[in-house]
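Look at the two complexes coming up: chain A is in both, with chain B in one and chain C in the other.
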Partner chain A sequence: MGIGKEVKKIDAVQKVNGTAKFVEDMLPQGALHAKILHSTIANGLVKSIDCTEAWKVPGVQAIITCFDVPQTEYATAGHPLSLDPNHEDVKDRLILSRRVRFYGDEIAAVAATDPLSARKAVERIRVQYEEYAPLLTPEAAIGAQPLNPAYPTNELARLDFSIEGSEVTWGKASFATGARIAGRQDLVADHFYVPAVHGAHIETNGCFAYMDGPKMVVVTSNQVPFTARRNIANALEMPLGQVRVIKPYMGGGFGNKQDTLYEPIAALLCKKLGGKCVSLIMTREETFVCSRTRHAMDIFTSLEVDGEGRMKKRAIRINANGGAYAAHGHAITAYAVTNYFQTYAAEDVQIGESSTAYTNLPSAAALRGYGIPQLAFAMESQMDDLAVKLGMDPIALRRLNMMQNGFLDPFDHFVVKSCGLGDCVDKGEAAVNWSAKRAEYDAFNKTSKKIKKGLGMAIFSYKTGVYPLQIENAACRIILNEDGTAQIQVGATDLGQGSDTVFTQIASEILTIPEERLFLLSFQDTDHTPYDAGAYASRQTYVSGGAVKKAALLMKEKLLERAASIHGRQAGELTLRDGWIVEEKSGEPLASIAGVAAYMQYCNDHVLHTEHLTAEATYTCMSNTFAFGACFADVEVDVPLGKVKINRIVNVHDSGTILNPQLARAQVHGGIAMGVGYALGEQLLYDPNTGRMRNDNLLDYKIPTSMDVPPMETHFVETYEPTGPFGNKALGEPPLIPQAPAIRNAVLHATGVSIRSLPMSPQNLVAAFIEAGLINEDE
Partner chain B sequence: MIKTIHLTVNGRAVELGVDQRESLTDTLRNRLGLTSVKKGCEAGECGACTVLLDGKSVNSCIYLSVWADGHSILTVEGLTKENGELHPIQQAFVEEAAIQCGFCTPGLVMTGVEIANSGKTYTREELRELISGHLCRCTGYENILNALERVVGRKENGTL
Partner chain C sequence: MYDIKETYRAHSIEEALALLEGHPGAVLVNGGTDVMIRMKEGKLTDAVLISIMDVPEIIGISLRENGDIAIGAGTCFQDIYHNEVIRGAVPALAHAANQVGSPQIRHVATIGGNLCNGAVSADSVPILLAMNAELELAGAQGTRRVALTQFHTGPGKTVLQKGRELLTTIVIPKEEYAGRYGSYIKFGQRNAMEIATLGAAVCLKLQANKTRLEDIRIAFSVAGPTPLRCAKTEAALKGMALTGDMVKALRQGVIQEVQPRDSWRASKQLRLQLVKELGERALRQAAEEAGGTIHD
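Moving on, here comes the complex of A and B:
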């Protein structure tokens, strides 16, 4: 088979017949169950904890409180180690917190023989707090009492700059919320707001820990096992090699399983109990409050064009709500603010300002799209508002200004070598019959008062991996068996997106061994599998795929050399075909791969040095590239109800070469659903007085059901990206970026109302329609 | 308090002592090792724990085990034939790439089996409604609907 084929997922059968084991399915008999005591204030200090009554609950084995934990602060972000202290992740977390920073902060933990006893004991712990006022927004937090003494203003970081040509000048602005960017009279901005939302993967975060002699073994649903191992080792003050992390099948993650969460708590309880197995499976409610959220952002954008619509001035300010702990620090906001100058560039003035604040809300971090869904909503809404103002077609305005092939990224200094953005727009435009449909709806809307129809679109660009900001490397090991089958080991993690399948296709492509004879180990184990930075940044097929390609090529080279030496030929004359070593020109078969493998491993001729044929390679990715795409949304708005019905949604992607079309389409479907949720309904709600999350469950936090998603159309524009292992680039995160602005722009087309915040829920839309005079409240 | 219950699980008669407060999810997972029954919310919101009780789909996380006394339960493990052949619903999930992370899959398969057992055919819109008790965050439901249509689909005009 190989690349470009619709190979079925290698884990499909075990997932459909229920034998695939996820973390909780692997709990050993007799494992203890841990429960957490969460703070009932958002900001303050634990003065004292009394566990007397908790210890009386039968079955309680261990209780640890914030007074018992190691005092070494550690980082939770799932980033590779940065040797540059300026790019190190912020270390601001203890295993349990005395200094309470959000409603739900972890202050004590109990391990008991069963979950109910652990929970009963938690409920009997008495806590005395010194309570401070909750600081829930950047405006409230910045300049107020510090949450982390190392950051006295509560501003975690800033990134401010201006760009001239492709030269970036770094500056240092101060926190601002006004309409004028950089204080300039000519840069008056519109204000957009996007709320915090949640990944809401169906498997909650969870782990268990046990000791095997001196080794601390942690089994966890984590996208970045090697980084989790480092964070756990740091938290427990243990040597790295003494910690072993195992990642079984993972029930979704979307970036929310990139951070180290409760692994150190489980491991510390386990250590206290002499190595007994302790499980800590987060409840759905805990997953909402105590994992990670997408950042809420206030985004201010200012855009000026010349008479023809060419961009002259472009300025943005992003104030992000980072929540209680730094997690990824400013990385996500920085991703967003820089992307504003990548998708489009202006000729004269380009100014960016950005801030991430510590607040008393749950911590924000990675979630599919890494800041770009927020940015795209503001950026692409602004484009359509401007198009209306100019009386221009929104697509024409974009075509004049959007990124082209050859673009030099001013931040990361790479040149774009594949750009199918224009083709994506063309393809989508044709698919929805843009001009005719827009005209048809304009006519319809003239006479229809309650039902309005609209067609909107939005575009995006998204980087692939994080080079050069961070190291981008990955390793793969291929082990050949004497019958010509092979095992493949990768450190990269499949969380449902299908990377394990695509890696198998890559190995098959090069080794000509069919996929069903290649066996990729889906469980990553830091003691067995080679290193990989993990699943994030849509880097898997681009970076880890490069490692599989490199290892497979190495194996091929070994096979040809060994076959040549056995048969007295030159390796350069040989190649692989259908599982055989053949003479390249004539196609004459020399030996099967199985034959060479068996001979090398078992030949007992007292001359030959036997060899178990394995190939291992680390691929260092020294490049980056943009994936692109566009979304077109055809909607019907019931104005009095504020209800948006999506009749049709079309996503067109340039992700370079598509390695598995069926899985690629599936990836886009999931993104569309998540994007529709972001557009129309999802929002984490907090009590403004206490900071307590109000909708920490799947009944009150609505993710789309099968009734809520529209029929989906997916198209690809296949460019060839020369830096990708097979011309491929990012596809994991991009699919959910453009829906919210496309739907918003369709609502704008339908109603003429410029929506500036998400979600476009009925209540929010009705409020906007009343304000715009579309709904007469007296009627 | 522990109570003894008798039920049929995947075709096998079992006698179990269960805590009266115990959910059917916990009984199936912890006492019978049927870990295909997933826990996504334990509040009847996500559908990952769906099993068939006398052929009807139920959220086993909000169904007490003592209520199952005298009834018949089917989980995904019970669909497996000796020759490893998959149920047509399972096969359709594989063919249509209706599986990503796989966590919601066993529950959705059981609802699919319930639908298939009805002996009727359904339009895509009807299928959307029938599976709306299941949350999936990976697939957008598109390929799950495609898979179900393969087995029980009917076009709007009544043709297959």
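Moving on, here comes the complex of A and C:
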């Protein structure tokens, strides 16, 4: 089959019939169960802990508290090691916290013979706190009592700059919330707000740890096993090589499993118990509160255009709520603030300011889109507001200003070599019959009072991987069997996106061995699989795919060389075809791959030094590229109920060459559903007095159900990206970026009301419609 | 993770009452869709559970000789939704039964549990309130009959004597459904798997020429501390012609009779807006069912 084909997901059958083993399915018999004691204050200090009553619960095997843990602070983010100490992830976490930083912080843990006993013991632990006022927003936190003494103002980091041409000048602004950006009279901003949301992946975070001789083995649902190994080793003050991380099948992660969470707690309990297996499976409620969220952001944008609509001045300020622990530090906010100047650029003035604050909310970190869904909401809402003001068609305004091929990225200094953004817009415009439909709805809305109809759109650009900010590398090993089948081993993780299938296609494309004869286990083991930085940044096919390509080419080269030497030919005259080594020009078959493999491994002619044919390669990706896309949303607003019904939603993507169209469509479908949730329903709600999360469950946290997801249409504009292994670019995260602004702009078209915050829930829309006079009882 | 101490299984109403008497603090369980959540949240610990899943007298729907509809308290929502008697005589109740939770929940959750938990958001309550349903409660001293309008006393509180009584039957008297038409509109942020942000039910009877209201009942859930009826508005609307003025009278009347609160689940502003709007929509729907036309 190979690339570009609709190869069936290689793990589809196991996942459908339930034989695929996830962390919880693999728990060894007799494993102990751990439960966490969470703080019931958001900000303060644990004065004392009394475990007397907890020890009396039958079945309790170990209790550890924040007074018992190693005092080396470690990082939780899933980034590759940075050899530059200035670019290391922030180390601000202990395995259990005495200095409580959010409501739900982990302060003690119990391991018992069963989960109920562990829970009962946890409930019997008595804690005395010294309590401080919760600081829940950047405004409240910055300048208040420090949460981390290393950051005395509670401002974790800033990134401030101005751009002239493609030259960036870095500056240092101070935290501000007013409408004037950089204090300038000419840069008056609109204010947008997006709340914290959660990935709500199906499989909650979970792990278990046991010791095998000197080795600490941690089996965990984690997207970045090699980085998790480093973080766990740091947390436990163990040599890295003594930790072994195993990642079995994974039930989603969305970036939330890019951070090291409870693995060190399970490992420490295990160590305390002399190596006994301890499991720690988060409940759904814990996953909401104690894993990671998408950043809440206040986004201030200012935009000035000339008489024709060409951008002259462009300025933005983002104040992000980072929560209790640094996790990814400022990386996500930095991604967002810079993207504002990538999707569009202005000729005269371009100023960006950004801040991430420590607060007493659950920690924010990576979540599919890495800051860009937030930015896109503000940026693309602003575009439509401006179009209304100018009396211009929103698409025309975008066409005048959006990124073109040849764009030089001022931050990462690479030139865009493939750009299908314009074609994406054209394709979507035609698919929804833009102008005619907009006119039809304008006419409809003139007479319809309660029901209003609208058509809106939004665009985006999104980088592929994180080069040059971080190292981008991946390794792959291919092991040939004597029957011509092969194992492909990668450190890259498939968390549902289908990377394992695409890697198999890549190997098949080069080795001409059909996919069903190539075996890739969705099972990464840091002791056995080659290194990979893991699943994030939509990098898998672009970077890890490059590793598979390189290893497959190496294997091909070996096969041709060995066949040439066996048969007395020149390797340069040979190639692979349908599992055979053939003469390239004539097509004459020389030997099957199986034949060469068997011969090389078992030939006993007392002369040949045999060889088990394997190929291993590390690919260092020294490029970056933008993926692009657009979303078109056709909506019906029930004004008195504040309810938005999406009649139709169309996503168009330029992700370069599409390697598996079926998987690509599925990826977009999932993104649309997630984007619809972000637009219309999802938000984490906190008690403003205590900082306690109120809706830590799937009843009150409103992810869309199948009854809420509209018919979805996907289209691709296939460009060829010269830096991609096969012309391909990112498609993991991009699908969920543009829905919120597209739907918001459709609501604007329908009602004339400019919504500036998410979600567009009935409550928020009814309030906005009452304020705008659309709902008026006195009429 | 469920902290269960003991479980018992009753096979008759009598046995259930005896088990209740013998185990103070025990909790009756049927579908378990609320009890399980309470246990999971740690609100019910060392639980003693008495199953009434196998009590045949409280399962099923029948038409009594006098024409009253009797719904066994242990009937699950899926069965109510598909029942021919319910669909024919009170289709709005079938619709309400289909609004509960998810398909999985509707296959196990029972109407009796929905009522006895006293939740202000219960999907089965508004339409039953609007139909003047009555409840039969069995106890050691025999069975007493309570009007549903008198059943709820506060959030999560009812007149049912927990530990001593068992709801056996929900009765819809013939005169309360014959010639009457109802509607129920549930509003949630999502289109499925929701708790009602607000629920509105209307049950009405038109005069013979179908141009005026002969009788109307209006009920809401989540619009006050208990599910409630709007008696004053009902009285004011009685006899009114089917016009825009009638609709306006409902909108203006109902907001005087509800007391929704601001909660983190929904603002008072939204709930008041929903009371007016859903009240109107439920009225229009019921009038249409009854064959009337509203002249705006």
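Just so it is clear, the second predicted complex is superposed on the first by the 776 of 779 C-alpha atoms of A that agree within 3 Å, B and C clash if a C-alpha of one lies under 4 Å from a C-alpha of the other, contacts with A are read in each partner's own complex, and residues count from 1 in each chain.
Rule of thumb we're sticking to: a contact is a pair of C-beta atoms (placed from the backbone, for glycine too) under 8 Å apart; a residue touches a chain by one contact, two chains touch by 3 or more.
Small disclaimer: the values here were computed from a predicted structure and weren't measured.
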* May I ask you to decide whether A:A365 touches chain B, chain C, both, or neither, giving the answer as first, second, both or neither? => neither
* Partner chain(s) touched by A:M712 [first = chain B, second = chain C, both, neither] -> first
* **chain B versus chain C as contact partner of A:G496, first or second or both or neither** => first
* With the two structures laid over each other on chain A, which partner does A:R694 touch: chain B (first), chain C (second), both, or neither? -> second
* **Superposed model, chain A: greater residue contact from chain B or chain C** => B
* To do: Using the superposition on chain A described above, determine whether A:I770 touches chain B (first), chain C (second), both, or neither.
  => second
* Between chain B (first) and chain C (second), which does A:L613 come into contact with in this model arrangement: first, second, both, or neither? -> neither
* To do: Once the structures are superposed on A, label A:A109 by its partner contacts, choosing first (chain B), second (chain C), both or neither.
  => neither
* To do: Have a look at where A:A746 lands relative to chain B and chain C in the superposition and call it first, second, both or neither.
  => neither
* Is A:G251 contacted by the first partner chain B, the second partner chain C, both or neither? -> first
* Across the two complexes, find the residues of chain A that touch chain B and also touch chain C. => 698-699, 704-707
* chain C-facing residues of chain A, complex -> 115-116, 119-120, 123, 640-642, 681, 685, 687, 694-695, 698-700, 702, 704-708, 761-763, 766-767, 770, 775, 777
* chain A residues touching chain B - in the complex, by the definition given at the top -> 8-9, 11-22, 24-25, 199-204, 249-254, 281, 283-284, 495-498, 662-663, 665-666, 669-674, 697-699, 703-707, 709, 712
* **chain A contact footprint on chain B (complex, rising order)** => 29, 34-36, 38-43, 45-46, 48, 75-77, 79-80, 86, 90, 93-95, 97, 99-106, 109, 127-129, 131-145
* Within their complex, state which residues of chain C touch chain A. => 1-3, 42, 187, 189-195, 197, 251, 264-267, 269-270, 273-274, 276-278
